[in-house]
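Next come two complexes, and both contain subunit A; in the first it sits with subunit B, in the second with subunit C.
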Partner chain A sequence: MSLERWQQILREITGVPGVRGALIVSAEDGLVVAESAMEHVATSDVAALAAALVVRARQTAHVAHGAPPRSVHLAASGGVLLAMAGPDPLWLVALADSRAELGRLRVLLGDFAVSLA
Partner chain B sequence: MTDPPTVSPTRPQGLAFLELGERLRQRGQLEAAAMVATAGLAHYPALADAHDLLGRIRADQGEDAGAIAAWHAALECDQGHVGALKGLAFVAFRARDFSAAERYLELAVGESPHDPSLLAALDRVRATQPAATPDAAPALADLSSGLLLFDAQGMRLTGGVGPGTSADTADAASAEGAGLAREASRVTRLLGLGEWQYLLVEGTEFRFAVLPIADGATLLVSRPGTTPSGRLLAMASRAGIAARHWLERLT
Partner chain C sequence: MRVLEPWVTDPLVEFVRESSARVALVMTSSGQVIAQHGFTRSLDVMAAAALGAGILATTSELARLMEHGGDFGAVVHQGDREGVWLGGFDTPRGRWIALAVFGRESSIGLVRLFFDRFAAQVSAAAPPPVAVREVLAEGFERELDQSLRALFGGT
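What follows is the complex of A and B.
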């Protein structure tokens, strides 16, 4: 898939009301692979933190269930971080505020994540 | 009418004892069936089907504790043994522990997703559960509960990660879970997201929620992938209340 198509996917995700930004990260090293504009936060920070969370979630899932996760959803009082596994080692990540329609966002991320290949 | 089958408890021939034991059970000859199953297990102690047979016999005898022990033994041999999971669900349902029955049936459906009898049983249990036990306290102190409470040092306080799993697995999951909880707290703080409320991790065949319970204590609620995410979060919320009460009694 082309970088242009990746950017189109990220634009569609950030078009969902409440989404502050979206990016594609490498979970191996926490680096940004592709990004959309992110409000009030550095995309490199989001990428590094999302990757660290994914690695921890993967370790816990492996110990408890012997299998890797395909999504990680962190909910907080001021917003959410959603990450969906794409082709290894890529993860599609969105940062959203509390107003975002989470069901819609999860479906969208899930559909796009598998099409990143 | 044919003669009853000859029972030779000390020398089961291959795995034919499974069929013989089941036939005896169905005829109501429970003592003879138990002898056949027990003798078979002496030769095949790692055979999940044999433990499952003994579980069914014990359940028919009204010995629920023996049935549960047999089915847990079956799960130790084969973590996804559908017969054992169905049996445990049946005993739980009979004891009106509907949440446990639901949990075992969910696991069975995960192993055999197209079995209409399992799906119907799961629907029946789910339909029964809200009216019968609106405030049922989750069984925290049970390795098979799928409820795991641990402290900030990654030490297990109580619970486990689900049926057929060991204390060692629960201890290892506690250690990893504490690291995951620390990471969740760090991410929300550094991204200015406020206090973290829960973390939902989903795989193809599992989902688990991790949520902070009190200072330093975290709860991990684990369910099969067949459990809807919203339902898991509702369970986690109820289990969180039970975990806080558990901690209060501890201190």
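What follows is the complex of A and C.
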């Protein structure tokens, strides 16, 4: 898939009301692969921490003899971080505030994550 | 962990804890060791410091040749099981270098994130520069011995 298509996906995600930004992260190295509309957000920091979260979730699932996680949902007082697994090692990540329609966002992320290949 | 400059301790402890670095080394741009974590032999520290300083000097020169407008800031070597992060940062004591070896429990992004914080904390904690003492030939071996004892606790 081209970078242009990835940008298009990210723009569609950031079009959801309440979404502050979206990025594609490499969970292997914690780096940003592509990003969209992340004003006032340190995307490289978000990528590093989201990747660390994903790795910890994988380790937890492994220890618990469960299947590797396909999504990670971190809820905070000011908003949420949603991450969906794409083709390894890519993850589609969205940062949203508390006004965001989380159900729609989850469905959108899930649909797009599998099409990142 | 061994440090020559006590005010480096807290930032380095935090960096190692947060980034999950297996080995960390802080040195001047000329390769003089300031602090180390994870090394067990002085020979390894000296070699790593010299090689790390050499690598960053090489990339800085490469940046100059390419008219990059500064240096590259950091160099990363990624292996199958471990990676090496080598980054330069400015302090009131001059330009320093941090070297970190990290495994699969960490990542380049995580090390970069906490390296930036470490560099900022070290710069903020650094006391004003002091006059450089001249190292006389007859005192050089004693000075070197004192530094190694401080870094390795007399081993």
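Basically, the second predicted complex is superposed on the first by the 115 of 117 C-alpha atoms of A that agree within 3 Å, B and C clash if a C-alpha of one lies under 4 Å from a C-alpha of the other, contacts with A are read in each partner's own complex, and residues count from 1 in each chain.
Operating definition for what follows: a contact is a pair of C-beta atoms (placed from the backbone, for glycine too) under 8 Å apart; a residue touches a chain by one contact, two chains touch by 3 or more.
Model, not experiment: these values are computed from the prediction.
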item: Overlay on subunit A: subunit C relative to subunit B, clash or fit; value: fit
item: More subunit A residues in contact - subunit B or subunit C; value: B
item: Partner chain(s) touched by A:78 [first = subunit B, second = subunit C, both, neither]; value: first
item: Partner chain(s) touched by A:95 [first = subunit B, second = subunit C, both, neither]; value: first
item: Contacts of A:31 with subunit B and subunit C, given as first, second, both or neither; value: second
item: Subunit B versus subunit C as contact partner of A:47, first or second or both or neither; value: second
item: Closest Cα approach, subunit C to subunit B, once both complexes are overlaid on chain A (Å); value: 10
item: Subunit A residues contacted in one complex by subunit B, in the other by subunit C; value: 45, 49, 52
item: Of all residues in subunit A, those that touch subunit C in their complex; value: 28-31, 44-45, 47-49, 51-52, 55
item: Touch list for subunit A against partner subunit B, complex; value: 40-41, 45-46, 49-50, 52-53, 56-57, 59-61, 63-65, 67-81, 95
item: For the subunit B and subunit A complex, residues of the former touching the latter; value: 161-162, 165, 169, 172-173, 175-177, 179-180, 183-184, 186-188, 190-206, 208, 210, 220, 222
item: Subunit A partner contacts - residues on subunit C that touch it in the complex; value: 78, 105-110, 112-113
